[in-house]
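Across the two complexes that follow, subunit A remains constant while its partner is subunit B and subsequently subunit C.
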Partner chain A sequence: MRAFTSFMLLLSSMCLLTGCSPFASDNTVEEIAPVTFLSVEAGGEKGKLKVSTLVPPVMKEDKQFFSTNVTLLEQGRRSFNLKYYREIKLGQLRMLFIDEKVARNGIVSLIDTILTDPEVSPRLYLVVFKGDFEAFIKNRMQQQKDLDYYLYRMFKHYEKGKQGEITVTNIHEFMEKVYSPYSDPYIPVFRVDKDNFRYEGTGFFGNGKLKGGTDKNQDQFFQLLNNYHFLKNMIITPLDVSLGEVRSRVTTHVNLNDHTVSFNIHYRGRIDEYRGTKDLDRQVSIYELVDELEGYMEEGTVSLLKKLQELKVDPLEIGGQTMAPASKPMSEEDWIKFWESAKIKVDCHFELEPLSI
Partner chain B sequence: MFWKKKSKRVRHENKEGNQLFQKSKDLSIAAVKGLISNMDDGELIEHRINKERNITLIFIRTLIDVERLNESIIQPLKNCSEDMIHTCIASVKAGALSSLDEAQKLMMLGHVLLDDGKGRWWAVPLVNTLGRSIEQSEAETILYGPKDSFTEQIDQNITLLRRRLPVTELKTEKFSAGYLTKAKVVLMYVEGIANPDIVDIARKKISKINIDMVIEQSNLAAFMEDHIHSVFPQFQQTDRPDQCAYSLGLGKIVILVANTPFALVAPITFFHLFQSPEDYIHKWMVASFLRCLRYVSYLASTTLIPLYVALTTHHYQVIPLQILFVLLESRSKLPFSPFWEALFMLLILEIIKEASLRMPSKTSTTLGTIGGIVIGQAAVEAGFVSKVLIVLVGIAAIASFLVPNYLLSKTNTLIQFAFLILSSLLGFPGIVFGMIYVLAHLNGLSSLKQPYFAPVAPLYWRDWMDFFIRAPIPWMKKRPAHVHPLFKWRYNRGDDH
Partner chain C sequence: MGDFILFDKTAQLGKGYIIAFANRSQMLYFILFLPKFLEMPYSLLGILAIGILSQINLFILSKCLSSKYTQQGYQGFADLLGRRTLRIIAFAGIAFIFIKMSLIILGYAEIVHQFIFPAMQLPWMILFIILLSTYIASQGMEKTLRFGIIAFLCTFWIILLYIPYFFPPGAELHDLYPLIPTDWSHNPWKGILMVWSSLSGPEYLLLLLPWLNSKQKMLRYLSIANAISILQYLLLFLGCLFFFGSTYLGKIGFPVVNMIRYLQSPVFERVEIIMISLLMFHYVFFISVLLLCLYGAIRISAGTQDKETTRKGFYAVCLLVLAGVFFIQSFYWREGKELNGWANVQLWSGAFTYLLIPSLLLAATKIKGRGSSL
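Let's turn to the complex of A and B:
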């Protein structure tokens, strides 16, 4: 009896101290529909959102595409519940597809809503899409039963592998960058139509709003500059060369007096494929190719950095370089002002790995 | 007024018990005859020697070695001319008797009572040593290592231990337990190594046992355990002499009980129950891996099914998406909730396990097949349980068999049921609370007043050499700290104690 009393005291005190609810919610798996994605588009009326999802998420039943116009995101879930026989749960939400138009108006409040749900995992992939996502889902859900799952596996694969093929951002990383000084978040952008769901590049955010993005070519430079410092394969069509296993080592320096930001980038990679006119068996030709590669890299990098300046965003977190131990940190606004007008100096070095032939 | 009035109860039981077996009569043929009245195997033989003396032999036929009766007593006495006839039967040690009580006790232990015709009584031991031979241990089998095990003959068991520890410091103290069974209990320890306080505790606990029957070692353990309401065994029960000898050498005590092939070893810790004799046969890295595997298996056997219930009832969000697919598919058409499904399966499993223990070995194959089909196929096809649960129940059941101590492996069933209820009500926090309770309970236990949760609490770093990791034997230079040995070094260091 004494042991039982002690146990009950221990249990209740632990519940109270940790803030645990004594009521566990009933989430019997066969009675719920844990959706894996939500897509958010601009609704018909001003200020309205069109929230869509696919149910059931994983069962071998006919899939249904649910869509509703709402003011608040939570309204969407409630609306789905009223017309579906299983309760929609967001605990397995893995992807949030956001329409470009919604993203341009700001997505922080949207993400805040999702983050306040304790069931939602911080490993929720954020995606911006351009085009008709609804048409894509409706068209493909008949052909691919587990379409939503395959999309999730794609993001998971690229995040886990860090292969530098595409940008992958989860909700936690996004919000961390939103609230960190000298740091702007970025999200992958996909172009979507009835038949295709195609990666387009990286979208850059400033103050929680989509400002712009890279094209496919610039995205390669972004992957090397910031994201994973790695590209499994880099296609350089002007030079008729494909490079493999490209890695970069970036050194950044901000000179406030000269109003200059300089980048020293060391690339290392190997030639996977070459269709040019040079005879790569000759040492001189190799040196020529390396010079051309360095020129191409410099040009591409400068082009990307200029774009970031134009967009007034700093996803590379260069502003952190301005901090010094004994000086007052520059405000974020001051930094962006400095950054948009700073002179860019890029110095690229390319080291070609020996050919294995 | 609502309470039932307690009547003054006189302690009849003990008095009856004592009075029943207390004989105050004088030692005489008539009195001894009275003892064996209505006993078919009670024998009284009168024998004349030297044409002038009548001797009387009284014994219980089934308790003595009848074949030796003639050659050891009757033949030597035929030509006995001595006044003190016990000198004629010097081949067996005869002791003089003075009271009827003593005569009764010895007769029931396999002695022949001998009246020399002059009012003097002798007791001649001719104990029937009928029993099975030394066989291989069935409870704790090992592949490489000694194969012998204890038998029901306590003297034979002591011999097995003495052969392994041929030192005069190995002491044996004899006790008797149970006023009906009068079971011989032998307390063994190595003097100079075993802590006298622990020996004294064991001695006092055995002496205090007041019950009619001590049939086997568990009866004794029930009286000696510090916490009788705990599910965890506080004595190690083993039938392996090598285990007992090793424990004695470490400073523990061993208690042997007559007519049972199992010995009690104490003090032990919770972690001691995960150790197997094979740990010291394997290479240390292999042994350490196997030991860790046992801990993980025990944890899995207690928590795997409750985790399934917690996940499928409350925490769907932490299930990896791929597994959730399988779970949803598997559970979509089941009539029961995860809790009832798991409870149903665990009960079926326990029934099969219990039945397989009780059934003869020839029929256990049939039972295994029926159990396998019922659990593995029919239950799923009938839509009672999900395939995922079948897999988990199978893993949990197999994992429970990895624990070398049978008594400990049986505790996981109860813990599993408790965790199951908690997980169904509270989810993960329920399992965590359950675990905290079990850990707190283990921390409060003791074995012969020594901490049961050592070397974790209290922390004995020295004992960690033989804990999760079984360190190389040459490194284990000291005896375990939790048994507080008098001589801590395991190698000879002269006088250093």
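Let's turn to the complex of A and C:
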């Protein structure tokens, strides 16, 4: 009796855990298409979305590009299922590409939809694109096998490396920043056309809507001011110099009485390449270069911060500095009001490791 | 098939069992969404304050546990309170035990439904949990209590999963501000009540006394268990604050489970499924103990406590519980981010039993003791 009972128990728990049960959805490999990305564009009519994806991403079959016009995101999945012999599963969804126009209208509800699906990981990467993503995928999927997978690996690589080449954001980070009062989310922006998928900079969001972004040059300043505080490679064309392994240490100070926000930034980097006229063997010219670099960094940082003020966003979480253990925190509106009109003081210090073998 | 004996005792369980039981009883269903209700960082102080109150309560409880009446099990309680009163109390106890048990079952079924099997019908999960608990409980009280160690070992280390959340860049110091409450626009009383209610559970040790070794420093073990629980509460809440930030935290259904979804492991894609499955050991253990308590309470209130336990009777009780839980599931249980009606009932009933039972019992012992010495 006891042996029988334990056997039945074992059997039933095995059934439950492995999913061979009458009440779990079925996941036979031949019958499903676990897609790795969804792209969302504005549809033809107002309020409509155009959802696209590539199926099947894992099997050795010819890939097909699907797209459909829908009002709701989940409707897209259903309409794919209706015209395709496999069932679309979102369990392996890794990337969400969002068209710039959709992003400008706000994407919080879109992301909420994705986030409520327990299968979808909160580490899903978010990307904003400008241009014709469909043309890019259609063109490239012939030339390159597993295009979607390698796109995913790219984001994963730069997320893990934290090397500041491109901004990487996932859904959780985005949502946390949307809700937290002193920080605004940011998402990498890519420009796509038929042949290229090119990183353009970081897009800044305020209230869940895309407000604006950096260009490629400005993005370097953002990376150094932001979380990672690191740039593997910094190109400074006006000074004909390229720096490697630049690390920054930022101290921010918000003075509510003076209405100023001051930044004190220490950089440390190595000269990788120099094509200017100075003779870098002489210490004096190194000092000159350092002075020029500091001036350049200050200028660039100030212009980036001015842009953030203009856009009324605070992706750097500067507002967090106003909090203290025992004081009442400012409201989000108060902070943004303060921030957009605050005076900015930037002080840069550069420590340069010379070009040498 | 031999006799069906549920309440015999052949050995006395030592300190490990007491600590494991008390600690696990304080880490039940409520902690999975407690951070959502605490929300503001200054509730950390609230947890600490309630922890100290709980410690005082455990002091009272340990006094009760070591009194000569409670040590003798049913006979002692009958001497202390009188048979008639005891029957009434046992009858009332049925309700409390059932509320606690049904909340654990329904809550766990809901979590499984939400995170693992969204397509599953809830009654299947309820049936499965009750079947498992019935099996474990039918092994008798002693073996069930021994199973507590397994439950403890299976679930204790889950707290370690939360360590990665304490490191930057996710964790920043200003996530924890303001530490001192500055205005009362956010009303924390419900969260604080929930901490107290969630800490309730050690009072069930009163019913298990005959199986425990009585010559022990009860207070010390209870204090250890309580301290571990408070530490775990603090860690979970801090982790949630770092991960979500206080505003977002208020909008998350089960923050403690949801956080785990963010973890990456090279082997398993979804760590939270493993965590939820292991939590089942913990919950099933507790439900089995409560099933046995319920059976005992029904026997006492029916006046049949001196007769032998029967297989039929016990299974009938389990079936009754199943029917009751189904009933509640269809009429009172609603899934959602808000605390539903039934969880609210447990919130109050748990707080009530933890607050009153030790003190009332101690008072009864003192009065009786004075009466008998006169």
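Operating definition for what follows: the second predicted complex is superposed on the first by the 331 of 357 C-alpha atoms of A that agree within 3 Å, B and C clash if a C-alpha of one lies under 4 Å from a C-alpha of the other, contacts with A are read in each partner's own complex, and residues count from 1 in each chain.
Just so we're on the same page, a contact is a pair of C-beta atoms (placed from the backbone, for glycine too) under 8 Å apart; a residue touches a chain by one contact, two chains touch by 3 or more.
Keep in mind it's a predicted model, so treat the numbers as computed, not measured.
Engineer: Between subunit B (first) and subunit C (second), which, if any, makes contact with A:5: first, second, both or neither?
Structural biologist: A:5 sits against subunit C, while subunit B stays out of touch.
Engineer: Under the stated touch criterion, which partner chain does A:135 make contact with: subunit B (first), subunit C (second), both, or neither?
Structural biologist: It touches nothing on subunit B or subunit C.
Engineer: Contact-wise, after the overlay, does A:320 reach subunit B, subunit C, both or neither (first, second, both, neither)?
Structural biologist: The answer is second: A:320 touches subunit C but not subunit B.
Engineer: Of the partners subunit B and subunit C, which touch A:30 in the superposed model: first, second, both, neither?
Structural biologist: Once the two structures are laid over each other on A, A:30 reaches subunit B alone.
Engineer: Regarding the shared-chain residue A:121, is it in contact with subunit B (first), subunit C (second), both, or neither?
Structural biologist: both
Engineer: On subunit A, which stretch or stretches are contacted by subunit B in one complex as well as by subunit C in the other?
Structural biologist: On subunit A, the residues that contact subunit B in one structure and subunit C in the other are 24-25, 121.
Engineer: Which residues of subunit C touch subunit A in the complex?
Structural biologist: 1, 114-121, 124, 128, 132, 135, 169, 172, 174, 176-180, 182-183, 243-245, 247-248, 251, 258, 261-262, 264, 269-270, 277
Engineer: Using the touch definition from the top, list the residues of subunit A that touch subunit B in their complex.
Structural biologist: 3, 6-7, 10-11, 14-15, 20, 22, 24-30, 32, 34, 36, 58-60, 89, 91-92, 94, 119-121, 146, 149, 152
Engineer: In the complex of these two chains, what residues of subunit B are touching subunit A?
Structural biologist: 312-317, 319, 321, 324-325, 327-329, 331-332, 334, 337-338, 425-427, 429-430, 433, 436-437, 440-441
Engineer: Can you check the complex and tell me which residues of subunit A touch subunit C?
Structural biologist: 1, 5, 9, 12, 16-17, 21, 23-25, 118, 121-123, 172, 175-176, 178-182, 227-228, 317, 320-321, 323-329
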